[in-house]
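Before anything else, here's the structure in question.
The chains carry the letters A, B, C and D, assigned in the order they are written, with residues numbered from 1 in each.
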Amino acid sequence: MISDILVIIVMVTGLLFFVATTVGIIRFPDFYSRVHAAGKGDTLSTTLFLGGAILFIMRDFSWDAMLTAGKLLLIVFYIFIASPTATHAIIDAGYEFRVPYWTRSSDKKGTEGDEANEENMDNGFYPEDLKG
Amino acid sequence: MNLEPFFIAMAVAILFLMLCNLYRVVAGPTVIDRMLGVNVIGIKTTVLIVLIGIIDGRVEMFIDITLAYALLNFITTLAAARFYQRISQPAPSEPEEALVAPSAGPEVEDVDAPEAASDPGRKETP
Amino acid sequence: MTWDASLLWQFDILVLVMMVICAVTALALQGLLSSAIVTGAYSFLICLMWTHMMAVDVAFTEAAVGAAISTVIFLGTAQYINRWIKKDPPREQGIKQLTLVIGVICAVMMLSATRDLPDWADPASPASTHLSPGYIEQGYHETATPNVVTAVLADYRGYDTMFEAVVVFAAALVVMVLLRRTSHKHRKVLHLRPKREGRDTVLRGAAQSIIPVMQIFALYVLFHGHYSPGGGFQGGVIFGASFILLALCYNLKFSMNRFREHLVLWCCACGVLLYAGIGAACLGLGWNFLGYAALADLLGVSGKMARSYGILAVEIGVGITVMAVMVSLYYDLASGGDLEEGL
Amino acid sequence: MDDLFYFIISKYNYWAAIILLFIGLYGMIVRNNLMKKIIGMVIFQTAILLFFVSIGVKRGATVPILKFSPDKQPLLDAAAYANPLPHVLILTAIVVGVAVLGVALALLQKIQRVHGTIEEDEILEDMRK
């Protein structure tokens, strides 16, 4: 009973993080902040979902269930390695192409900044190669 | 307590959020934005497969697929990143020169392969 | 009403709607890379669909192939072609509309024909009542293999699988013959990946921790295919993907030093030969081609265990061929055929 | 209302397969770019595979891997397992599909080398010259 409630709590927390990830991916204004949302929120919510699954499987103890739970732990570990690595690779590619980044418009005037970048962002400019 | 309705609700909720993420795949202004959306969809696919397994009652049969996804998922993303690193290098301006340039051969050799060179014993084995 | 709520139709409909959106997007977008990447999302969704239809072996194959191979070879090809699509020429607008009309008419005809098909997930449908119960009920007594799909794949339908392996082998040869260039006159413009001191450390660290696990997991999938989803096709694809990952994290030369091209071709041929050789050995012992029960005396086991071992040997052959073919496809397509600098 | 609901529930998978089939076919015929045609081919192919696997689904069935009772006896009830035959056919078809995709992409690279373009009308013009 307690473990069931624990499963529900963990999974609902994971769902909340996934909602936050989705909002971030849809609503954030530029590429870098979207990668930020995906890299952190997605990994954490996946970990929580799979953690809930592990708790559910471990409810009644048997060696088969232990083996399955061990495999799930392995999955969590490798997602924890692979997913941030993937976002790192994406952001590296974007940085190499100088994808324009977003700045707050109030900070725009009067401060030193990358003017070309701001112009690009305003005009919706993206490197040609990245649109293909 | 019967948790099956909870898992079904959870699976449908995750799918609905995946549908929202699909917006980034369809509309994303650049290719790497799309890549990001596909990455999120791929990682959540692993969760959904585990949930389907739990609902079916035989998770141990579904877990291998999930492990395969966990290990393979970032190959596509990595390939896209590598692709952009390669084409960010400007092509030689003189195509005639590039057509016959034999210097391209040795240059390939020393790009990024110090491990291969420093390790001649393992070169022979697959 | 006999429909069952546990079929999760909400789930199916959401996945299918997403699949249709992905398919339309992949064909409508102007850029080629975008289309290739949307096709990757399509692959994830169809894997989900197959898992939900309880086709775990199929889902496993799709997972390995869709996540590791197809998008990578799309991207590899995109390096060597024009990535920019121009607008379709206006003179074809009429043909386009005509195609649309004919397509819609055909689709409506096929949709109306679905009324005659058995209901979805009907246990009493003709496809599920004549041949397949025999495989499920007899398969374990005859082959000692709990995974019915593996038993049918390698034993009852062994010919089919053997020629599928031959087709895959032929595809690798065709790709090599099409792309290989010997003359140095037509050397293509090489885009070298820029040197990046220290910036690949994260990727290489991740690859170093993942590649060994991937290879061990591939062997597990191959040898455990009797008792869980898996088998030669899935294990081979995952093993091949480990070399692709190596090439992506370091470079093509590095991967080719580990797994040289002539060795790849030997592996391609040896897998098919192992499969056909086992079949021929059964023939030589006086049974049918691929009748593994002939090996019983040779191995000193009962007939049904001999069939189980025969299935295992055949799966190993398939695994070697598929692994080598996937690596060969990657080497050729990602380097444009001259094997010097890949993706 | 219930009848309509039952009708939709019992057929939607076939409808999805047919819709995907014609999306792929339309893309293959209409798009001018050869790579788009290849993507149309992939979608066409998966639609057929989806139809095949749909045939083998059974309500209340589990994966076609035998279950064992605690005393190691297999449960041999055909109604409890999904139909394994379509799975076998489709499993091999996917790997062959990747091989076909590889050959198609190799042809694409070769066409680009010979004609310098992968647009269908430009290739035809180039061939007429």
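What we mean here is this: a contact is a pair of C-beta atoms (placed from the backbone, for glycine too) under 8 Å apart; a residue touches a chain by one contact, two chains touch by 3 or more.
As the structure is a computational prediction, the values presented were derived from the model and not from experiment.
Novice: Among the chains here, which has the CA centroid at the largest distance from chain C's centroid?
Specialist: Relative to chain C, the chain with the farthest C-alpha centre is A.
Novice: Centroid from C-alpha atoms only, then distance chain B to chain D, rounded to Å. What do you get?
Specialist: The mean C-alpha positions of chain B and chain D differ by 21 Å.
Novice: Using mean CA coordinates as chain centres, what's the gap between chain A and chain C in Å?
Specialist: Result: the chain centres lie 29 Å from each other.
Novice: Using mean CA coordinates as chain centres, what's the gap between chain A and chain D in Å?
Specialist: Computed from C-alpha means, the inter-chain centre distance equals 30 Å.
Novice: Where the centres are mean C-alpha positions, what is the separation of chain A from chain B, in Å?
Specialist: 14
Novice: Mind pulling the chain C residues that touch 2 or more other chains?
Specialist: In chain C, the residues touching two or more other chains are 31-34, 54, 56, 76, 78, 203, 206, 210, 213, 228-229.
Novice: Going by the contact rule already set, what residues in chain A reach two or more other chains?
Specialist: 78, 82, 85, 89, 92, 129, 131-132
Novice: Can you list the residues of chain D that touch 2 or more other chains?
Specialist: 62-63, 65
Novice: Provide the full list of chain pairs in touch.
Specialist: In this structure, the chains touch in these pairs: A-B, A-C, B-C, B-D, C-D.
Novice: How about chain B: which of its residues touch chain D in the complex?
Specialist: Contacts found on chain B: 56-58, 61-62.
Novice: In the complex of these two chains, what residues of chain D are touching chain C?
Specialist: Against chain C, the touching part of chain D is residues 2, 6, 9-16, 18-27, 29-33, 35-36, 39-40, 42-43, 46, 49-50, 53-66, 68, 74, 76, 78-79, 81-92, 94-103, 105-110, 112-113, 117-119, 121.
Novice: Along chain C, where are the residues that touch chain D in the complex?
Specialist: Residues of chain C touching chain D: 1, 3-4, 6-7, 9, 12-13, 16, 19-20, 23-24, 26-27, 32, 35-36, 39, 42, 46, 49-50, 53-58, 61-62, 65, 69-70, 73-74, 76-78, 80-82, 85-86, 88-89, 92, 95-96, 99-100, 103-104, 106-107, 110-111, 114-115, 117, 119-123, 125, 127-128, 131-133, 135-137, 140, 146-149, 152-153, 157, 160-161, 164, 167-168, 171-172, 174-175, 178-179, 227-229, 233, 237, 322, 325-326, 329, 332-333, 336-337.
Novice: Taking the touch rule as given, give the residues of chain A at its contact with chain C in the complex, in rising order.
Specialist: Touching chain C: residues 78, 81-82, 85, 88-89, 92, 129, 131-132 of chain A.
Novice: Enumerate the contact residues on chain C facing chain B in the complex.
Specialist: Going by the criterion above, the answer is residues 8, 10-11, 14-15, 17-18, 21-22, 25, 31, 33-34, 37-38, 40-41, 44-45, 47-48, 51-52, 54, 56, 59-60, 63-64, 67-68, 71-72, 75-76, 78-79, 184-187, 189-196, 200, 203, 206, 210, 213-214, 217, 221, 228-230, 234, 238, 241, 244-245, 248-251, 253-254, 257-260, 263, 340-341, 343.
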